[in-house]
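Once you scroll down, you'll see the structures, which are given as structure tokens.
In the two complexes that follow, chain A is the common piece, with chain B as its partner first and chain C second.
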Partner chain A sequence: MSGRRFLGLAILLLVLLPFVPLLLWSVSEQWFYPGLLPQKFGLRSWSYIFSTASSQIAGGLVQSIGLSGVTTCLSLLIGIPAGRALGLYSFAGKRLIALLLLLPVIVPPLCVSMGLHLWFIRLGLAETFFGVVLVHLSFCLPYTIFVLWGVFADYNPEFEEQARCLGAGRLQTLVRVTLPFIFPGLCLAALFSFLLSWSQYLSTLIIGGGKLLTLPILLFSLMDSGDRPVAAAVSLLFVLPALLVLLANGRLLGRQGLSGVR
Partner chain B sequence: MDPAHSRKPLSPLPILLLLFLLFLPHQARAVELDQTSWEETIQAADGQTLDWYMWGGSPAINAYVNGFVAHRLKERYNITLRQVPVKDIAEVVSKLLVERQAGKSSDGSVDLMWINGENFRTCKNKGLLFGPFAQRLPNQHYVDWSRPSVYNDFGTPVEGMESPWGSAQVIMIYDTARTPVPPKSMAELITWIREHPGRFTYPAPPDFTGSVFLRQLFYHQGGGASTWQGDYSQQELSSAARATYALLKELKPALWRQGSTYPNSPVRMNTLFADGEIDFSFSYHQAEASRNILDGLFPPTVRSFVFAEGTIANTHFVAIPFNARDKAAAMVAADFLLSAEAQLEKAKAGVWGDFPAIDTTRLPRAQQQQFAELERGPATLSNRELQAHQLPEPPSRVLIYLEKGWQEQVLRER
Partner chain C sequence: MFQPLPESPAQAGTAPGRLRLLMLLGPALAIILLFFGGGIFLGILQALGYRPGAGGGSLSLSHFAAVFTDPDFSTSLLMTLYIATVSTLAAALCSLPLALLLTRLAATSSWINVILQIPLTVPHLVIGICISLLLSPAGLVSRLLSWSGLIAGPAAFPLLVNDTWSVGILLSYIWKEIPFITFMLVAILKNSGQELEEAAQTLGASPWQRFRHVTLPLLAPNLRGACLIVFAFSFGAFELPFLLGKTFPMVLPVWAYRNYSDVDLMARPEGIAIGLIIAAVVICAILLSQGLTRMTSRQGTAR
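Let's look at the complex of A and B:
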């Protein structure tokens, strides 16, 4: 038991340790070699974020959460049926479809985004929220589908038939049998999708054309400044929501695994 | 005379007509804005939202733009300024190129952009700019257009297609605590590098700052700046460039990490300097050292200097894309940026410390006095000292030639 606790502590430390320098940088005013700690502490970087650039950053946060949320929901809506079809049935051209699905991940994102840009302008999708969701989807969907493909490969549809035999309706079967079964995989797929969309920079910039100022766009433009305290503070702000999603996901996954249903 | 020549006088007409028809919607709007009086432009700008795309890497500049400039534009002209920070304005130039290709000739999202040099040349050559508009701005008469670094942007004639915003000059940065007596010329710096192995480096071109160091060295090896402003032969260029690469190759073992690697940006170089790995940094921004002391990134003992023979200087500009939605607001903003008030605020060391694009001697006496009394920051040289040591940029052709050559000759031969 104490061994497990030690392991847990070690993992926690490994995850959290890299954040210590970030945290220190974000509250430092002066930090020169060879000082182990900053020579002078101060809140210059946080005051930049919370007063000077507050409206930009708050806007970016809202924009990012909205984009990633919508992208995640859509990618699950498309990913579940696709994953089910690929996992449960064998049909002609399955390998080809798998390859096609992987293409946006194999081809450099810059090419995908630039190629789509021209089309999106013609279709009137460039510089719109929906256009950016679409381009994010092209990067998120392969992951969602491949995770759910794996989930459905281990899935036994006979449980559904059994539920139907026992008098459950379609919706009831979905909510009480199918979803609980695939729940851990669903969480994982959602997590992938959210984090991928959350960290998109180039595709948001090209398709969004500066109309959608997400957090990564603000962050990347500041990263270049060499102003470590400000970059550290923005990084923390950027990581925090992703970390929260990860933790929430970890709890959900821990609460109810596949084993719990058996 | 061959028949093709004799027919020539007739042919331009249909082509011109076709061109005219092709660009009718865009041109019609442009002409419309060209003919309006300045009062009408201000009226048209009322209520517009100005999307200003610019490099967003500096919290100080962001604060100036989103604070002072945004507030004044809102107060005076009811223009809402929306800054769009980007990592590299070249990303925006390629966006405009794609829009040009896709035929999106109006209603574009970029209203104003902060550019110069290569990006301006690309925009001007590919017809991505609205204008000429610079002459129409009332505050234009404070600008000294006879200065070579104003009428020529890296060798590309400006011709009113962009409006000056500020100026920049290369300065060398050192720490008096470590280097009490810095070298005073390029020749002395080269000697210093040889005598202190591992204590100097420069960002790898085509980085902006690394590239200007290369040109500074090129001037040193190639007979001075004036040789490259007017006529020069390809042969002269290649022989001067060869001498530059030869010197850099010879200096390699005396550089930081024996020249096996270079910092990828001035930011990295500043960090190496602050961490005590190297003894010099340099910047294409006169007030960089003071600014970094103020932000606590450099120790307070840091100072700056310019070479006795001078350092390279240029002007940075704002331009309006061909398909900008809010051209009137963009023009009003470009004009406001040139006002004595905006230039003065920008020049304050605690704000940005950027040098004025206007000739301050053209201002009323009282405003001249305000510029003279500016707090300069501990490490910034005086205007007089800086202006007495300015060298113009060579044409972009030379710049590209040198950057390419450096990659092939200096970098590859490790």
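Let's look at the complex of A and C:
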């Protein structure tokens, strides 16, 4: 066996091992100790998810996708110009502005959410979708800016001027020149932002006040209830969309993956 | 950690108008200042005893004092430091050889790369549940040992979840963090690692010399940056310690949330104060690391 294949198999094993009990629990109906496999297989947990509690779980899925989707779109919309300014230009106070914009990467969201909560209650933003989006944005945006800063540091804006000289309009230049150039980096920034928002628990709980039932919030209460098969099935459901986004991204980036991050 | 990247060569030095810069940076600055800066600022006010609903009240350090004099504070702080430091160091020690192996075997553009990205997409909550189903006394590993006759039953299995040494929490973090650090290192190795090392080899450097004097200094800035991000995250994270940790001592983020969500509203400012202490510790750690790097690089040039 070649060294490369051996390394690949070792990585495959270590990455997938934690999912083995998850898969087994999600299709078990009876699994007493010390049985290595469930004594009775069955789809009780899956039918619970898709019929008995389907409205709640599907609602959580929609809520989570909506929240992460809107957060990601806003953070790209605001992050692209900022990344462009940091990547292309040098100006007075750049270090300070960069530090300020990237500081939320290291300060835990817990701290910010607790501080904002009271203010958000007074503004009527607590327990609302938009309020939670704003909190998620405060720590997704810095990651987006960080990735796009690297992208624009390698970007040559002269191509835009050439396109303009050749008669392209503003919109045409953006769609035909700028976006194709920054596309791989853009996908990566979107992936970071989506994943970060997707797996948030505490900030959603504090600002959403238990009204915004995203998948992580449902999952925590399921773990408390102790129904392992259902918790395992919901966990798998929770991993799936992010995994699909990753695979789609890998395809789009021509398998370059994270190599664009600097 | 966030050194300014070089500007694009075509535009370096050209200063755009203030208005244009404001248009580009304004929205991002507004969001961060308002919701991040605002959150921290209001948090400080509340932790100092300011009560918007009750006519303000006077500012004092009594909530911070209550936290610092709590007999459990030092154990909590040490516990949090232990988890964040050990998981970060272990993940870094695994990532360094892994990144070197991946580049050497030219595996960075194969299916192995895609597999290694999977942990990045898995939420901490889910890996926590996986580790608990795997390593708890009635978990899969215990079943395997019991089935093969190595242990008598769940009671004979060593406690790895909700345990004193936080083994389950550490393993979850390490599993999540290795890919992140590895990809940060591979990004550098792919661009410039190979050529420099070949040059050193031509000049007669041994494998150890090449690693110590060529590869490691090349990777150091990214390694340090990745470690700091990972440390900061695990120091302030709630999910894994809440799920897999012991009830005592609590890590700081769990303690902060317990206080914040207490039925007694008077405990709330104390929760916020703990949150701010977490942020302060993380910022101190980063400043310290920057200071140390500056010192060692000065020593390097003096020699």
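Definition applied: the second predicted complex is superposed on the first by the 224 of 262 C-alpha atoms of A that agree within 3 Å, B and C clash if a C-alpha of one lies under 4 Å from a C-alpha of the other, contacts with A are read in each partner's own complex, and residues count from 1 in each chain.
Just so it is clear, a contact is a pair of C-beta atoms (placed from the backbone, for glycine too) under 8 Å apart; a residue touches a chain by one contact, two chains touch by 3 or more.
If you're wondering where the values come from, they're calculated on a predicted model, not measured in any experiment.
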Margin query: After the superposition on A, what does A:Leu218 contact: first (chain B), second (chain C), both or neither?
Written below: first
Check: Looking at the overlay, what does A:Asn156 touch: chain B (first), chain C (second), both, or neither?
Finding: second
Note to self: Looking at A:Glu29, would you say it contacts chain B, chain C, both, or neither? Reply first, second, both or neither.
What the structure shows: first
Item checked: chain A residues touched - chain C or chain B, whichever exceeds -> C
Next item on the list: Check whether A:Phe130 is in contact with chain B, with chain C, with both or with neither, and answer first, second, both or neither.
Entry: neither
Next item on the list: Once the structures are superposed on A, label A:Ala53 by its partner contacts, choosing first (chain B), second (chain C), both or neither.
Entry: first
Next item on the list: In the overlay, answer first, second, both or neither for which of chain B and chain C A:Pro21 touches.
Entry: second
Next item on the list: Determine, under the contact definition given at the top, whether A:Asp227 touches first (chain B), second (chain C), both, or neither.
Entry: first
Note to self: Applying the document's definition of touch, where does A:Ala98 land relative to chain B and chain C: first, second, both, or neither?
What the structure shows: second
Margin query: Can you give me the overlap between the chain B contact set and the chain C contact set on chain A?
Written below: 33-34, 114, 118, 122, 206, 220, 223, 228
Check: If you look only at chain B, which of its residues touch chain A in the complex?
Finding: 51, 53, 55-59, 62-63, 66-67, 83-87, 91-92, 95, 98-99, 101-102, 104, 109-110, 265-268, 270-271, 274-276, 295-297, 299
Check: Any idea which chain C residues touch chain A in the complex?
Finding: 1-2, 4-16, 21, 23-25, 27-29, 31-33, 35-44, 46, 52, 101-102, 105-127, 129-131, 133-134, 138-140, 142-144, 146-147, 153-154, 175, 183-184, 186-187, 190, 228-229, 232-233, 235-239, 243, 253, 256-257, 260, 271-272, 275-276, 278-279, 282-283, 286
Next item on the list: Sort out for me which residues of chain A touch chain C in the complex.
Entry: 3-4, 7-8, 11-12, 14-22, 24-25, 33-36, 78-79, 81-82, 84-91, 94-95, 97-116, 118-119, 122, 134-135, 137-139, 141-142, 145-146, 149-150, 152-158, 195, 198-199, 201-202, 206, 216, 219-220, 223, 228, 231-232, 235, 238-239, 242-243, 245-247, 250, 255-262
Margin query: Please output the residues of chain A touching chain B within their complex, sorted ascending.
Written below: 28-34, 40, 42, 44, 48, 52-53, 56, 114, 117-118, 121-122, 127, 205-206, 209-211, 213, 217-218, 220-230
